[in-house]
Amino acid sequence: MTPPSRTIVPIEAVTPETPSTVTLRFPWTAGARPGQFVMVWIPGEDELPMSLSYPEGPLGGVTVKAMGETSRKIQDLRRGDRIGIRGPYGTPFDLTPHRVLIVAGGSGAAVLAPAAEAARREGHSVDVALGAVTAGELLFRERFERMGARVEVATDDGSEGTRGYVTPVADRLLEGNPYDALWTCGPEVMMRRVADRAERAHVPVICSVERQMKCALGLCDACALGPYHVCVDGPLLPWERLKDLEEFGRSYRDPAGRRKAYGPGRP
Amino acid sequence: MADLTVDLAGVPLRNPLLLASGIWGETGASMASAYAAGAGGVVTKSIGTAPRTGYANPTVEPLGPVGFLNAMGLPNPGIEEYPAEIDVARAGGAPVIGSIFAATPREFAALARRMAETGVVALELNLSCPHARGFGSEIGRDPRRVERIVRSVVGAVDLPVLAKITPNTADPAGLARAAERGGAHAISAINTVRALAIDVDLARPILAHGLGGLSGPAIKPVGLACVWQIYEAVQIPIVGIGGIGSAEDALEYLLAGARAVQIGTALSGPGVALFGTIARELSARLDALGIDRWEAAVGRAHRPAPGPSAARSPFPGPSRMAEPRGTP
Amino acid sequence: MADLTVDLAGVPLRNPLLLASGIWGETGASMASAYAAGAGGVVTKSIGTAPRTGYANPTVEPLGPVGFLNAMGLPNPGIEEYPAEIDVARAGGAPVIGSIFAATPREFAALARRMAETGVVALELNLSCPHARGFGSEIGRDPRRVERIVRSVVGAVDLPVLAKITPNTADPAGLARAAERGGAHAISAINTVRALAIDVDLARPILAHGLGGLSGPAIKPVGLACVWQIYEAVQIPIVGIGGIGSAEDALEYLLAGARAVQIGTALSGPGVALFGTIARELSARLDALGIDRWEAAVGRAHRPAPGPSAARSPFPGPSRMAEPRGTP
Amino acid sequence: MTPPSRTIVPIEAVTPETPSTVTLRFPWTAGARPGQFVMVWIPGEDELPMSLSYPEGPLGGVTVKAMGETSRKIQDLRRGDRIGIRGPYGTPFDLTPHRVLIVAGGSGAAVLAPAAEAARREGHSVDVALGAVTAGELLFRERFERMGARVEVATDDGSEGTRGYVTPVADRLLEGNPYDALWTCGPEVMMRRVADRAERAHVPVICSVERQMKCALGLCDACALGPYHVCVDGPLLPWERLKDLEEFGRSYRDPAGRRKAYGPGRP
């Protein structure tokens, strides 16, 4: 019942992935598995939940998109700076499916890339539908290709791949191929749409969900989503649990616990 | 099967195990699931007049087997939005105790009136949060202010009022007596214990707020001491809180003087399923002790068996083996 | 090698690790062995005017990883017999701090005078034992009485006077300020936290005295919060106490504001060898942090690095890796 | 570092051993070994250190001589009464010696009988010099005989065996036999005399020592004996550690920590 405690780690490497995204690597071996997340403490600033884009040691890593104040500050960290890590928390991916379709929007690739790698290591096939606003923002495209996944891309501005959202790309792949799992992370409206289609194609869907987090220990209720707590029951949640929640894809809670509708353009 | 029902200041509960304020209490769905899992009732997150985002993270620091340190900063959606959550919890059948915090007797009374309209079965006044400037224990450490606030709330609403007392005091019994004088119908004790953790590498407090409150196993002995002292000082029922994670812990509080208990930190890990587990264990343990009703043993440890009979069973029932002395 | 020497209110110590009062402090031989094992100095058991046998057993209850509960009842041989023990400890080279308890300022002063004749380097006033009727925190919870007692002792002797403060208060800083006003040369914080354990089978408190005091890991966060608050309130040095069992714990206290620390409960198991272990670890850890003198970092966590440099090392030295940003 | 916790046990059997001594048996299996002790809580009365006369489970046991108030009350406990046990504490006997001489005075046999049994089980030879005030008070005489030990007795009143103290009996055995260990428990003056002789015969001696006890956890200093704490460093202490302590056999500390000289007739 003793939860994992906090460790202070020096950043060993700072790798810009896209103009708005950076990967921090740090010495950390806690036996984490793909899909799990950690609480990243930026001393003097804030502490944010971050999926592990490199869950396995000896160098763990998170990949952070500049969104608000803190995630922007994270882009300015340098080698040798120290951050706090506690975790790992949450549920890992089940790696048994043989033919996996991955649908990643924006920074969603951060959690899906290591999951795909693990699936590939098991010898499974992985197809990836990868979306971003523009070509330069396609996160981990090369990483997916290097592991031998088939990657199809979409960009909002059409600078690469299909123009527009990633959902039509996913639909196309779903139609043409017999998948036994679909893993998705990205804006909730996107995940809702993709999961809906997959359900009709009888493909089980796992969504990686984001909510406000404070304790990450299943106590404070900040991350409540229907009857679930994303920090313990998630962040991976099967579509069957999500589809009847009227909040999923429509509203979230702010740090005061107020319900807010998702505006256009945000997850 | 031992009878676990409780009358808490006129509120009937199916068992004495309540969800503590601030844990799983921000949303109606979470409160409903605590009740569905076996809780006797739920206490809401402490609600204030206006929405508050609370402090920046880190707001919680796990301290290994000792417990958790937290300084949430009373985040809450405010009394205007919160009733929707209570509706959801009540729809699930849960008796809901509405927790409120405010800075003045007047503000407490206004908030209480509003909270009373939501269908809660009782109010709990947070006079004890150890780290919110202008609220909680900053006002709740002074018996006169406690008395005034309680009186003001009791005069404003028609519901049982529980005063939640801080352990950060020289005299918990004095605070409880003040609440009783003010008309409180029950005492809840305790809130978290003022505490701090420092990161040595970074030479700074870990919580964004600096000071915080300790909860979990470390504070069980502290909560028990407070309940013990309060039981000797007041007539009204006591709700024991602090480090409860098993039927045995709940029974310690019962014997120290608690009529009901609240569970918070221990839910981390097992989740609300813990309520069902403890309720089952509690029945079985009471049966084994020869106690047929939970309520019958409130405060029993204050009158321990004297002299030679101390080693005999304090309860009539199956655990006593009466055999002539010297049987090999 | 980091310099561990400390000047505690004029008393030079080879390191900041002191034996806490009431642990290994009833006999001179035990105090001498604590010093021989590496302690910077020792505090005696709290000594009173007359011999006291203390409470009946059970006087101590182990509470697993949380710590120990105790109510010894201030057993001590009395000030007439005790000086012989101090002689033995001093013969071993130990700087001895004489702890005393009494009920009134006058009795405190008389006892202090007698204790000062034994060759102790300083006095510690026990204003904080949580379970002795008429002594300890029963008087030490009132700032005016604290001030009066301290003033009376400071006027009676020519030695540094440490006032040992209770955590069982709404306002530890207020008690420390009162002691400072009375002329105290240092504050010791904390004594044990009021607590209770009940045996469910027997329906009675486990300790013979009922209420007791909690020590060990559970109270480290509580002691840190007290030291933190006191550091912001007084100018005199602080001796941090509560749950210290490692160099890391000692450093947390240092950064919170403690100039020296005392170790009690953690000696159960490793014994006084722990002093040597912690002293060695402390040097190594200070070196790694780039702190060359223990005393240089007192209270450092009160001025944490602001803004973007917060993630940089708070200490100059080897742990800072300065590399151009973005290096892979 | 977590010390053993307290358990409440019902007394399963109360066996009078001598007119002044009773054995309590209780369900308790904590992996204790001969030589170790427990703190026995008599609710509402006191808590006393007691060597385990039956250290191994499933029924543990202590054998208590009526001395003062509490040990007299213990004689009145009956089956079904509950007591608290915490421990085991202290050092167990080293069972390697092949030829052991046991010298027991009064209730000292309580700790030595299980040690002798364990030595016999290892196939070692055990001789016992057993002393008491009178024949009826010879504790565990039959138990020693049943395990195949040679037993020689002394009584103060001469009602059985040698008249007088047990020390001359021990001397005689020491002279006539090549022992490689002497284990003794009884009044300290007796142990001092016996150990002195054994030293001259080059037989290593282990004394089981009693002191005031409160915490039994090496904290409170109540049990201090020179630089040792009987609760952790003892209760078994080799003679080499004891012989230069001017307290051993001469003084003890009362519950206030005052040094008291041993009067005639007490340990």
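Note that the chains take the letters A, B, C and D in the order they are written out, and that residue 1 is the start of every chain.
The rule is simple: a contact is a pair of C-beta atoms (placed from the backbone, for glycine too) under 8 Å apart; a residue touches a chain by one contact, two chains touch by 3 or more.
Given the structure is predicted, the values throughout are model-derived calculations rather than measurements.
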| item | value |
| --- | --- |
| Touching both chain B and chain D (chains) | C |
| From chain B, the most remote chain by mean C-alpha position | D |
| Mean-CA-position distance for chain C and chain A (Å) | 48 |
| Distance from the mean Cα position of chain C to that of chain B, given in whole angstrom | 32 |
| Cα-centroid distance, chain A relative to chain B, in whole angstrom | 37 |
| Chain B residues counted as touching two or more neighbouring chains | 63-65, 201-202, 204, 304-305, 310, 319 |
| Touching two or more other chains - residues of chain A | 43-45, 82 |
| Residue ranges of chain C in contact with chain D within the complex | 22-27, 29-30, 32-33, 45, 51-54, 56-65, 68, 70, 72, 75-78, 81, 199, 201-202, 204, 206, 208, 264-265, 267-271 |
| Touching residues on chain D, where the partner in the complex is chain C | 1-6, 8, 39, 41, 43-48, 82, 84, 86, 213-222, 224, 226-227, 229, 232, 253-259 |
| Parts of chain D lying in touch with chain B, wherever the complex brings them together | 10, 13-16, 42-45, 73, 76-83 |
| Interfacial residue positions of chain B with respect to chain C in the complex | 63-67, 69, 137, 141, 166, 168-171, 193-198, 200-205, 210-211, 214, 217-222, 224-225, 228-229, 248, 251-252, 255-256, 285, 289, 297, 300-301, 304-305, 310, 314-315, 319 |
| Contact set on chain B toward chain D in their complex | 304-308, 310-313, 319-328 |
